[in-house]
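Look at the two complexes coming up: chain A is in both, with chain B in one and chain C in the other.
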Partner chain A sequence: MLRAFLVESILDSKMGSVEQQPDNLLVNVLQFLRSSTLFNDLLISAQEEAQKTSLRISELKKGVQNGLGSAGWDRKLRNAIYHFLQSQPKSMTNGILGSPEQLKEPLTYVRKAQLAWEKKILKSLNSMCTELTIPLARRRPEREQKDMMVRWTELGVDGPAFMRGSSGICRGIDLSQIRPVYAPKDFLEVVVSLQNPNCNSCGNVGSFDVPWGLIQVPMKVKTLNELRLQYSDMAITQCQTGVDDLSDIPAELFDNERTKLGRKVLSSKHAPISREFSKKGCPVSMRAELWSQILGVELDQVDHLYYEQLKAYVLQHDLLVDNLLYKDVKLTATNDDQYFVFEDFLYQVLLPFSRDTVVLKHFTQNSATPPKSYIRGKLGVEEFAVTYPPNGVIPFHGFAMYVAPMCYLYDDVVQLYFVFRKMYMHFFFRLHSVSSHPQGIVSLSLLFEHLLQAEEPELFYHLKQVGCQPLKIAFKWLMRAFSGFLASDQVLLLWDRVLAYDSLEILPVLAVAIFSFRKTNLMRVTTFNAAEAVLADLFTLQVLPLLQLALFSK
Partner chain B sequence: MSRIKFATDFDKSVLLNNFENRGWIQVGAEDDWNFYWAGVHNIRNVFSVDSGFRLQDDQVINHFPNHVELTRKDLMVKNIKRYRKDLEKEGNPLAEKDESGRFAHLDFIPQTFMLPADYNLFVEEFRKNPNTTWIMKPCGKARGIGIFLVNKLSQLKKWSRDGKGNSFTPPTAKETYVISKYIDNPLLIGGKKFDLRLYVLVTSFRPLKVYMYRLGFCRFCTVKYNASLNELDNMFVHLTNVSIQKQGDDYNAIHGGKWTVQNLRLFLESTRGKDVSDKLFDDINWLTVHSLKAVAGVISNDRHCFECYGYDIIIDDNLKPWLIEVNASPSLSATTSSDRIMKYRLISDVVNIVIPPGDIPDVRWNKVPDKENYGHFDLLYDEELANADQAGQDLRAKAGLPNPALRGGIREQRKGSQATWK
Partner chain C sequence: MNDKPLSCTIKPAVCVTADTKGFHSGCKIVDISFPSIVNPEVTDENVEIGEIRFQNFYVAFLTVKAKIKLTEDTPREGPQDQGWRVALRRFPLMPDPHGETGAQDSFCLTRKHFSCDLSNIVSVRLILQQPAPVWKEFKMEELKLFRSSNGVRVPPLPTWVTEDDKTKVGKKELENENTGVVAEKNSRAEVGVPDIDSLSASLQQLWALAEEASSNQTEESLGRYEVEGCYDINLLAYS
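Moving on to the complex of A and B:
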């Protein structure tokens, strides 16, 4: 009976697209559901329904099904299946088989480039350890753990590695010696140097197939027309939150209806509906809830305990990455007039995040592989290998900015934590690993260059001629998903669309729009620094009109 | 048109750049100026009988002669208390009280006593609630000077012993203190305490014409807020004045601990919902208008004057705003680059509202600027317009039509009056 109920839900939520391989997928989904806590709850609910005195034995099955349906199980299961399918790589749901390695990244040369990059990062991390003579990890003495626990909500003051000595003298790692392992500029070099060995078109000076841009690899990216179709809900003829709900526009025109509809959507608690609704933007007061629904973050007791456990791990061990994260916050959010108030929240998210082994799961889809470290004295012995840091993610300069905008949405650190983790595992990891995935940074960079060339050939040519490749400026925007470059409300409006369309392709579209918008000034520049100055301050930009301009004006 | 001549007591770039960009000519304060941005200390000279000075129709100045009625802590409190009492006597519904005897709609300043004058009253109140913390502020000083916290009567006795070298001289403004209940449940954001600095422009008190600036900001403490008593001595925790915070180790010169009101609104609306944050900002507007109404009767409403006040407001964790004090001469020195831009705009927008567009100052002007000259200001309250509205409503009532402003009692009426602010 349960199986029938589930099959129905799955087929419904997939809307017939699974016809080719329904069985294989069904087995996967059922397995997933059986192993989830939801399954247990479902059984208990079914039991309760069955025990109701109003139920006749002859109609047991129907009665229980109806009961479960009216108790909202329908929706819960649909959401669970939806989120499960979302979390699977596309190739897996399409039933394409391959080695785990190929699932991570099908192209060998891309895989190699990523591997070489990881080695480089690790080497630089190790040399920092040697130079500063600090270990990658060390256990904190009892006293220090207690001290840190007391300071947990105000780590911004003294930092994670700070310790009050017995003589009352304070000692901490000299932060000035800690430097970010890499910055967007370094990573851009890696992306630019990517070459497809099977493609021999580059190098002939004067030939027409030499790309204008920096990205040299042939990958298929969407055309403007395809993007127009994809983002058709953002058309100028359609009212949008973030444009048509501003305070100087009468609420009767759009805002009232939108709010009413939004309330209905929220109460339905169904992820695909929330996603559809968000395509036209999330009203500010509903955003937090809509995002949680879209990402399937619904906190329970276990989640709170899990966060507490991560916190305990942070207290127990001092990791070198803590200093990197600390330094990163100090270099970015602390100096940012929009985010400095959230400094302490950022530590409370980022430090536990580095200890969270659930994050490792995303590496099945990520071309990157979590770095390994060995217990002292056992270098190279596989049994003594550990993932370092435990979540497998080495932060780069600006990493904290992935969290910062969300601090506006969630006052509760635990909620903030889980929403961020989901966002990272679904979207952000793609922005700093070398991959051929259409959502990966390489494809996004290429999409940016293609669109800009197609839409503003004159501008692109001019910038190229004066030695200012547009990607050199836009890359950091893409890599940070524009966080810290736009006003906070605008970043959130942009990320609304990322979530709603389940795609990062909106980022290069916005980058192109910004270049277009500042075209007049950019056409006058003759140096890289001048171009950079024209594009240095984006805080006055309104994201939506720009996106609409880029997508639909021509 | 002849060029406008301006005088100023401040050598501040936000002022000078503004005036010079308009092609104005700088003259001395003793010369024939059209526009004088004066310091509060000089305002007395300008208006004093002895100076023999008479302002002409083409002269405007940035202070009202007796602005201290609003901007000195003790006088403001006195005026607001009197305003409430008067309304109560009239039987005005605004002066309605709740079960605990507090004003339901006009309870927007923390409970305050004058010292030494109200010492006995204070002691009585202190004994009723011995566990509250109080904050002592000298009346005549600004920027956090001379402020300290008190939670034991003995601290106050010690202060009075130390202070009174000669008990026969009556206390001057400099020696009077106000002691106010300390807001010990402030709204914290990111665990940090903050207060609001809002700019309010008044172009006339009778009829009252008020504008609220949209680009106000929150000032954050650099140190984590901790209500425990052993932190009482750490003034960085409690005071958000930039001049105090600047001395702290953690002061950040890039943002100066300042966060825009837009960001505050984004945060509150995202985390607490639209209704709640709308109400907070409505309450702030409400408080501003009534603090001004409270002094409208006593301020000498000179036609040559306008004034841009700095309102300091603390929000508690129930999202209720409390008026802490009003500054007559909010700081125009810029601490950061965005601060400089904001203050430059502030002055520019003030000038556009107080001077008829493209003209020389004229006090006979009706002081109704076009909407497009508001800049980043919003018209908060115009008594003339509100009265016209009210008259319209009375007519409706006489004609037997329902009066939307009276339905549902006082809250509705409140909403009605707010609608006219916009």
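Moving on to the complex of A and C:
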């Protein structure tokens, strides 16, 4: 019975996209299933089925199979295999192998650039520590732990490092001295300076070696036509949630049917179906559930315990990263009238996130490597080497905005936490590491430049002439996946598509659409600041009509 | 299994040119010859290639030609047959020659990629092609030939996966551990006391089950990040 499910599910979800040896794949899937708790559960329920008195011995096998099938094991296994395959890197094609380092990032010069960038971040963190004479991490005294536990749901008031005690000592670190380690602008510089040493240069502007845009890496990105095919479900002829379900359109036309179908999809609890349904957007009332299904977040008691454990870790140790996160929330979400109400919620997600070692797993696919350190007094002793922060991710200016829009979806902080963690480990990490991956920020930036050049050559040329490279404005949008730049409901509609199509390529498409939409005004600007002003306020924009315009209007 | 690469001489790549004025043909040739001395590892002087491993550096297509030793029984391909056989024709290493994808990947080409059997080989010629003028250089790094394909050994699948359903019927094996064991127990209850052989057989199965369970330990970590409860850190290490 397992076998039938396995083979079918693999064929289902792969559809020939990966030419990896099927045997090898099967072995991996089996290995994964066997080591998961699911396998144990399956055995237990099989045993229960077999012990039913209604079962005749001659039909034991069939009976057990039917019993398991009707208990929903079919769906559970399919989902498990689907999510396992989703988490596998897609590069394992014909005859390609390599060291783990190479699998993270095959191109040497990109790897070097990422390493240099990491070193810069480390130095900046270290110098912050030295200047402020604070350690990266220290154990909180018992009393402080208790105090923080009491303030857990209202950390926004005084911050994580604050200590208000009967003794009257205030140990709060002066937050004005804590500054974000890096901002999108700094990272853009790194991305722009990326250059292939094996690239010929003959000095022709506009050719491969001296591009019109800022990105100088000759990577292959999709053309508009390829994107049209990829996003064909978003065509203007097809009704979309986010356009056709607005309140001024009669519900009979689209909304009623859509909701009905949505309920059916939800009850089937099958990730690929939810994903397919979401291609036309998630109805507001169903989004939370659909996203959880697509990402495979199904909370059980262990997950709740796990979150509690992370919380305990937060109380135990005081990290400098906490202050960075705290500062970031204060600078971004708290200043945003859409998100300030979620301030405390954000801490309850971000602080445990920094302690979560499961996040380290994504580094097998990420070109970045987690920072390393040694326990105080044991410098250089390998047994005392630790990653810092425990999840290996150093937040940048705007990191909290990856979480903020999702606060609208989940009122349970644990659910929010696990959905965010999945989103980060599957998508968001690619937006702030240098890599040649087709979903990486470098490729996305290049895709933006190519599309804008192809679709709005006049506009691109004009902006370039007045010294305002479009990417300089669009990069922060891409890096934050538009969170904080658009109205929150629009961000969620956009992320629906990211999840449904399992691709971040929609981000540059939207960026191009926005430039295109504001073209008339942009054509009149003569300075960078003026151009920035034209594109400063995007809160009135409707994402879907814009995307449709950019993808399908020509 | 022979894990050592075949001893061979890899000559430096020769760029194919039409004239001497730095014309970029985008084609290079690498000749590989095998020492004529009897290779101690190869008993029958039969040079056989089962696997080619290398790290690509901006080569877009790879063609592998092999010259085989012509003997009486070798089927000839025409009267002028010199013994050259094409094992691989324009195998794409980079999906798009102008783009970076695949440019620095490591490849492992095995028998299933080759169109003919590579045995009794005198020499091998690799033809590297890079039609795109974008790149300054293209070459192959860490080129190694192996006698047998033992690059990535895949553990064999459990029989219950590969076996067809039909062949399984009637077999009282441990296809699905649970149902199998239960079935056996039930059938024994019918006949009374089992004989020692079948008892020991099922005990062995039990042992196998236990072994299997212990080998299928979960890789789930405990999530500890501190060392002996301590996580006091001053500065980050530059490694």
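List of remarks:
In the analysis below, the second predicted complex is superposed on the first by the 517 of 554 C-alpha atoms of A that agree within 3 Å, B and C clash if a C-alpha of one lies under 4 Å from a C-alpha of the other, contacts with A are read in each partner's own complex, and residues count from 1 in each chain.
The criterion applied here is as follows: a contact is a pair of C-beta atoms (placed from the backbone, for glycine too) under 8 Å apart; a residue touches a chain by one contact, two chains touch by 3 or more.
Being a predicted model, the structure only gives us computed values, none of them experimental.
After overlaying the two complexes on the shared chain, residue contacts for A:N196 are found with chain C alone; chain B is out of touch.
Once the two complexes are laid over each other on the shared chain, residue contacts for A:L246 go to neither chain B nor chain C. Touch criterion met: A:D411 reaches chain B, while chain C stays clear of it. In the superposed pair of complexes, A:P390 makes contact with chain C only, with no contact to chain B.
Look at A:L305: by the touch rule set out above, it reaches neither chain B nor chain C. Look at A:L261: by the touch rule set out above, it reaches neither chain B nor chain C. Once the two structures are overlaid, the count of chain A residues touched is higher for C than for its counterpart among chain B and chain C. Contact with chain C, but none with chain B, is seen for A:A137 once the two complexes are overlaid on the shared chain. In the complex of the two chains, the chain C residues touching chain A come out as 55, 57-58, 95-96, 98-110, 113, 133-137, 151-152, 154-155, 157-158, 160-161, 176-179, 182-183, 186-187, 216-221, 223-227, 230-239.
Residues 1-3, 6, 21, 23-24, 26-27, 30, 34-37, 39, 43, 46-47, 50-51, 57, 60-61, 64, 94-99, 102, 106-108, 119, 122-123, 125-126, 129-130, 135-139, 196-200, 208-209, 217-220, 306, 309-310, 313, 316-317, 355-358, 371-376, 379, 383-388, 390, 436, 438 of chain A are the ones touching chain C in the complex. For chain B in complex with chain A, the residues that touch the partner chain are 189-192, 194, 220, 223-224, 250, 252, 254-255, 257-260, 262-263, 266-267, 269-274, 277, 336, 338.
The residues of chain A lying in touch with chain B in their complex are 153-154, 157, 259, 283-285, 287-288, 334-338, 340-345, 407-411, 488-489, 492.
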